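Chain naming follows the written order as A, B, C, D, E and F, and within any one chain the residues start at number 1.
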Amino acid sequence: MPYVNIKITREGASAEQKAELISGVTELLARVLDKNPQTTVVVIDEVETDNWGIGGETVTRRRAEGR
Amino acid sequence: MPYVNIKITREGASAEQKAELISGVTELLARVLDKNPQTTVVVIDEVETDNWGIGGETVTRRRAEGR
Amino acid sequence: MPYVNIKITREGASAEQKAELISGVTELLARVLDKNPQTTVVVIDEVETDNWGIGGETVTRRRAEGR
Amino acid sequence: MPYVNIKITREGASAEQKAELISGVTELLARVLDKNPQTTVVVIDEVETDNWGIGGETVTRRRAEGR
Amino acid sequence: MPYVNIKITREGASAEQKAELISGVTELLARVLDKNPQTTVVVIDEVETDNWGIGGETVTRRRAEGR
Amino acid sequence: MPYVNIKITREGASAEQKAELISGVTELLARVLDKNPQTTVVVIDEVETDNWGIGGETVTRRRAEGR
C-alpha cells in the first residue's frame, strides 16, 4: 500500500531504467517493512532542467557550466 | 482552501472528464467538511504509463499483457 | 490505480468525515474515468493552521481575525 | 536541505522567470531559517489549464470567460 | 539531486528501518541512473491509518477486519 | 492561484518564521509572475529528522555527528 514518488531531471532515463527503479523500490519496501508489492504504487516525475533548482540556480545553468 | 492532487495514468482522459473530476471533488469537500468551493484548488497530473508502477512493474507492461 | 492527496487544515475533521472523503473521491474516479476502486489510494494530510498560508498570511491569523 | 515545490499553470513563464523563482525562494529560506542554499532543492511544475481547478471549474474555462 | 517521497501508514516503522529505506533508495538511484548520493533527498511521510484509504475505505477499518 | 509546498526538517522553526516564509514566497510569485496573492496557497511540512535523508543517511545521524 505504500506510495512512492521519485522526481528526477529529464535527462534521458530509458524505459528500462525506469522499470528498474520501480521494481527496485517495490522490493525494498517489501524487504524492509514487509509491504505488499501488489499494492505498492510508484510514480516517477521527470522534470525539465529549467524547472529544477539546486544551490539557487537551475540545472540548465549548471549543466552549461559543465557541472 | 483545501488542495487536492489527483494523479492518474495518461490514457486519454478528456477535458470534460477532468472538469467533472474538478467539480466533483470540490463539491465533495464542501458537502462533507463545509469547505469554501471558491478557494478549493484541484491539480490533476497525468503520468505516462512508463512512469507509473504497481506490483513492481510499469503500467506499460501490464497493458501490453492485457491487464 | 489513481492516487489522490487531499490537504486540509487540521481543524477537527472526524474519522467519519475522512472516511466519507475517501469513499467519495474513490467513487468519483470510478464513475468519471472507470478507475478500479480496489487500487485507488487516497491520502489525507491535515496541516496545522500555522503552516498553511493563503493571501500571504497564515490561517491562524485569519481565524484570529474571524475570517 | 529544504525541498520546495512550486506549482503554477502553464501560461508562458520564461526560463528567466523560473530561474528568478528558484533563486528567490532559496534566498528566502537562507535568510529566514538559515538554511544552506547549496542543498536547497526547488522543483517547478507547470500544469495545463485543463488540469487546474479552482472554484470547482478549470482555469481553461475561467480564462475563456476573461477571468 | 533526485528527490524521493515515500508515504507509508504509521504502523510502527523503527528509526533503523527508515534509515534502511533512505540508504536503499539512495543506492538504487546511484546504481540505476548514476545519481550523486550526496545530493539525493528522501522524505518519509508516516500517515495515520484514519487518513489512508484504499478500495474506498480507511486502513483503520481494514485493520479492524483483520485485513 | 499558485500552490507552494515547502518541506523542512522539524528543528524549531517558530510561528513567526513560518509566517515570514508564507508572506515571502507569496510576494515572490506576485513580483516575478504577477500571480494574485489572494489565491496563492503555501503549505509548510515539518518533517522529523529520522524521516529526512540526504547523502544516504538520516538527518538525525548527521546532527549527532555535528554536521
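In this text, a contact is a pair of C-beta atoms (placed from the backbone, for glycine too) under 8 Å apart; a residue touches a chain by one contact, two chains touch by 3 or more.
Chain identities (UniProt): A, B, C, D, E, F = Tautomerase.
Quick caveat: nothing in here was measured; it's all calculated off a predicted structure.
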Chains contacting each of subunit C and subunit E, listed by label: A, F
Interface residue overlap between copies subunit E and subunit F, same or different (over half shared): different
Relative to subunit C, chain with the most remote C-alpha centre: A
Farthest chain relative to subunit F (centres taken as mean CA coordinates): B
Between subunit F and subunit D, distance of the C-alpha-averaged centres to the nearest whole Å: 14
Computed distance of Cα centres, subunit D from subunit A, in Å: 20
Set of subunit F residues in contact with two or more other chains: 1, 3, 7, 21, 39, 41, 43, 52, 54
Interchain pairs in contact, sorted by label: A-B, A-C, A-D, A-E, B-C, B-D, B-F, C-E, C-F, D-E, D-F, E-F
Subunit A residues within the subunit C interface of the complex: 1, 3, 39, 41, 43
Subunit B-facing residues of subunit D, complex: 7, 47, 50-58, 60-61
Residues of subunit D that touch subunit F when the two form their complex: 1-9, 13, 17, 20-21, 24-25, 28-29, 32-33, 35, 39, 52, 54, 59
Sites on subunit D touched by subunit A in the complex: 15, 18-19, 22-23, 26-27, 37-46
